[in-house]
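The structures come next, written out as structure tokens.
You will see two complexes here that share chain A, one where it goes with chain B and one where it goes with chain C.
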Partner chain A sequence: MNERQDAVVVVGLRKVFERRARRGLLRRAQGEVKTLSAVDGIDFLVKRGEIFGLLGPNGAGKTTTIKMLCTLLSPTSGTARVAGHDVVREAAKVRSSLGTVLTGERSVYWKLTGRENLRYYAALYRIPRRKARERIAELLERLELAGRADELVEKYSSGMKQRLALARALLPSPPILLLDEPTVGLDPQAARNLRQTIFDLKAGGKTVLLTTHYMAEADELCDRIAIIDQGRIIALDSPAALKEGLGAKEVVRLEIQGEPNGLGDALRALALVESVAVRPSVNGAGTCELQVITSNSRRSIGPIIESVRAAGHEVVHFQVVQPTLEDVFIRLTGKSLRD
Partner chain B sequence: MIDTLLAIARKDLIMFFRYPINAVFRIVEPIMWLTPAFFLGRGFSVDGTATGFAAYTGTGDFFSFILLGSLLGAYISAVFWGIGYSLKMEMDSGVLESNWMTPVPRLAFLVGRTLTSLVVTTLNCTGVLLASWLLFGFSAGGPVSKAMLITLPMLAGLYGFGFAFAGLVLLMRDANTLVDVSSFLVGELSGRGFPVTVLPRALMVISLVLPTTYGFDAVRALLLGTKPLLPLGVAAVVLVGFMVAMLVLGGMAFSAIERVCRARGTLGMH
Partner chain C sequence: MGILKRVRDGLGIMLAVAVKELIQFRRYPSWVIAVFIWPLLFPIMSVFSARALAGPEGQALHAFAALSGTTDYTGYIIVGLVMWMWLNMTLWTLGSFMRSEQMRGTLEATWLCPVSRLGVLLGATCSQLLISMVNLTVSLIAFRYIWGFRIVGNLGLTALLFILSAAAVYGLGIAFASLVMWVKEANAMVFLVRGLFMVFCGMTYPLAVLPGWMRIVSRGLPLTYSIDGIRTVALAGAGLADVMGHIAALAAFAVVTLVAGFVAFRWTERRVLRTGALGHH
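And now, the complex of A and B:
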């Protein structure tokens, strides 16, 4: 990779899938071919040595993008270059420059030990045996797997499997890492440890492109973030700049009793209210959470609470907070990341 | 590349023995299957010779005929199962994508996955030959090295067939039925369990189109002295032609189908 080259350059990348309807025993219903633009003409570049995040809800096109970059999926149109190599025309060179961890635990053999897995993948990356032995020992140590390296992977916890998958991706010392939802399914401690590992990788000079739908994770880890929704990048900047983009906005979070039918529209109609997102509360108490972005919470809080009460709801709790990346997403799309 | 193929085989072998009961049965099973053939042959024999069978084949040694057919058929199965089924296993267990994200060419994975199958099949065949010699008095009368030589282009040709077949597995995302049916049909129509000359005309045409038929036939002619369908030199040329054509066509078919699957995004699906 050239000193001045960007690690990943994506221009007008699109992926359109054809989906045929299926009906009962008939495998395909004739004439019902639908197209789905999973990735719809995205552009971005990842600078060398940065942690770049693709942030978006499930189905936004994050994994499809990663799969195109790691050559498992061919783009419908557009171009993508990884370490200076075109993902279509120079697929083998791209694969040599990349370490990729796709989401899920099953990217390693469960009937092999951790060490056997790494030995196998080292051979696939054509790492000479002696060097492979040293590299495997180093990675097992670094990812805190050395103590259980000779146990079958089926006995590992989810966090250990994920760390082993990361060790597999790091085997050939690739300059660029693609991590698809790296902390999904991990307990908080394991997720925190993995995030620290990602920071360490960056400190070691690696470029990391990761996808996530956890806003806090993106905020904590990424130098820059592309917010992606319905296959399109709707914002791209540093987390701080994205939040600053909301201007002097504040977020009023309200927890109300019952279903907020039509309440969202009533709140949007209020002066000073910029956007409203509604989502069910996760505490199981039959409440809902409203996030109202306003340009002046002091002046708008009264009318907001009045509107809620007028709609027959009781306000269980409210607070005024500084904007987060989720608020940026709500502002841009009018919906919550968890919708 | 050899190191990579050996690494794939070593990994498969380790995993094969992680299920020890299955491993033992895979080696013992063929001996059990062949035993009824021995007694069936004996039931139809007069003074140790199956005379009706001899009229078709030129040998009255029914058991040896079936034995050689089974051994060659085992290699057909090894290639089909080694390529097709193992590909499906990788799709199901979720490791196909992590393998295919490495710089190793896809066809090398397919070849590598058959090596353990071939080692196990060779162990099977050695065990079966030994048991047949000890229990049923089998002995090969002809030039064994020549017979082995003629099976090589047949086996290589089967790899080509296996490549195209792997493409089909990738596309259909089904392996058991495809492998079972294809392996059975190719084996039987090549004359694994009977002389193809007994087939009705329509089926015999299919049988004579399959180059594997000439491989089975030539090995039996060399080792048992049966009447060959083609002179042995011609059979060898047919098998070499089959090998070249199938390796090229099979490789092209697999690459084309793999491109389709990459465009559809179905590589990791099962």
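And now, the complex of A and C:
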């Protein structure tokens, strides 16, 4: 990768999966081919040395994109270059330039020790034995695994397994890292530690492309974010610029009692209301949460509460907050990231 | 990259995979049963069945010899069982190698490395070969002391027939591993294939007892020639000229199954990259 080259360049990338319907045990139904456009013509580039995030709900096309970039999936059309190499025609060179962590803790052997895992992968990356020994010791130390490097991985915590998977990806000192949902399944402390590690990698000159559906994580980690939904990139900018894009908008969060059947539409019909998202509250008290993006909370809060009461609901709690990336997503798609 | 460097890299990868597989093998102590105890138990049922059928004074042995060319039914059964066990272990190991990597989630991580994916499978083949050799050695030593089994013919010729058989079986194993990666189920496929070989290859009985159509099918299976060739050399002391047909057939099977195995692997590789099925369970 030369000085001026972008780390990742994606142009018109598409992936369409075909599924043939079956009738009975073996017989295929003639002509019944269902297609699913998982990634639908996306364009983006990742600059050298930045942390770039693909943010979107489950099924948005994030993992499919990562898998095409790391050569585990062939694109239907479009091109992608990683470190200057085409992912289809120069797949081996792409794999040499990349460290990839997919689905974290399942990518290492549980019946091997941490050190044995890294020794095995070092051989697959053709790292000379002496250099591999030094590199493994360095990575185990850096990722705080040295003390338990000779224990079987099955005895590791989720966070340790995820760090070991990251150590595996870092073995060949790749200039670019692809991390697919790196903090999924980790406890808050382990997730925080991993985010710090990602910052350290950036400080060390690595380019990081990560996927996440955690807005706060994307906000904290990423220099730039592409918001992806239904296989398409619907916004791409820095987190601050994306939030500023909402202009002088404010977010009214309401917690109401009961199911808000039809209430969303009633609120959307109000003047000054831009969009509304509804989701069940996680407090287990049978309440629901409404997020209403409005251009003027002072003027709209009265009509909003009146509408809620008119629909027979009690307002349990409400607050006016500054927009987050989730509000950006709601504004762009009309739905919550958790939908 | 020069050819020598490619070969060295390929061997390095095969060695790394083989070592990893053997370490994992060692960490499941119950697998030792498959290597050391199962081969000892397996022939017992067939040998005692044969003894019962032969009659108390071995009255039926002449009838058996007329069909098989030998009265040594114990050796006859052992050769068939050893070859079948080899096939069985190969299919299990190679078939379940890709599948268990897929289930663990490590197959994708391995395929992310800039290495030949076929080299990774061949590495698993090497570790399987080593385990099978231990199994075979244990079996032959035990059979010698328990059943008095001895190879009376030319050892070199026996080894040649065995090596050719092994090549054919490994070709089959590679094709089988590809198939399992595609259908995502190893057990049913192993039961089906090994069952067919057990019935059609004359594992414990002469092919002459099979109906005509079954004998035609048996001629299309490499293990038929392996078992018959090794019995002819090892038990009856036949020479090269007597088994030239077997050698030619096994060499042809080895070429065909190895080519078919590599083609099936490449085809499956392309298919899973297109469909995204590599990480699917």
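One rule holds for everything that comes next: the second predicted complex is superposed on the first by the 327 of 339 C-alpha atoms of A that agree within 3 Å, B and C clash if a C-alpha of one lies under 4 Å from a C-alpha of the other, contacts with A are read in each partner's own complex, and residues count from 1 in each chain.
What we mean here is this: contacts are C-beta pairs under 8 Å (C-beta built on N, C-alpha and C of every residue); 3 or more make two chains touch, one makes a residue touch a chain.
Please read all numbers here as calculations on a predicted model, not as lab measurements.
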item: Three-chain arrangement built on chain A, chain B and chain C clash or fit; value: clash
item: Contacts of A:Tyr125 with chain B and chain C, given as first, second, both or neither; value: both
item: Partner chain in contact with A:Asp237 - chain B first, chain C second, else both or neither; value: neither
item: Touching both chain B and chain C, residues of chain A; value: 15, 17, 64, 67, 70-74, 92, 95-96, 98, 100, 102, 106-112, 116, 120-121, 123-126, 152, 165, 168
item: Sites on chain B touched by chain A in the complex; value: 3-4, 6-8, 10-11, 14-15, 18, 93-95, 97-105, 259, 262-265, 267-268
item: Chain A-facing residues of chain C, complex; value: 9, 12-13, 15-17, 19-20, 23-24, 27-28, 104-106, 108-115, 120, 273-276, 278-279
item: Chain A - residues contacting chain B, complex; value: 15, 17-18, 64, 67, 70-74, 76, 92, 95-96, 98, 100, 102, 104, 106-112, 116, 119-121, 123-126, 152, 165, 168
item: Chain A - residues contacting chain C, complex; value: 15, 17, 64, 67, 70-74, 92-93, 95-96, 98, 100, 102-103, 106-112, 116, 120-121, 123-126, 152, 165, 168
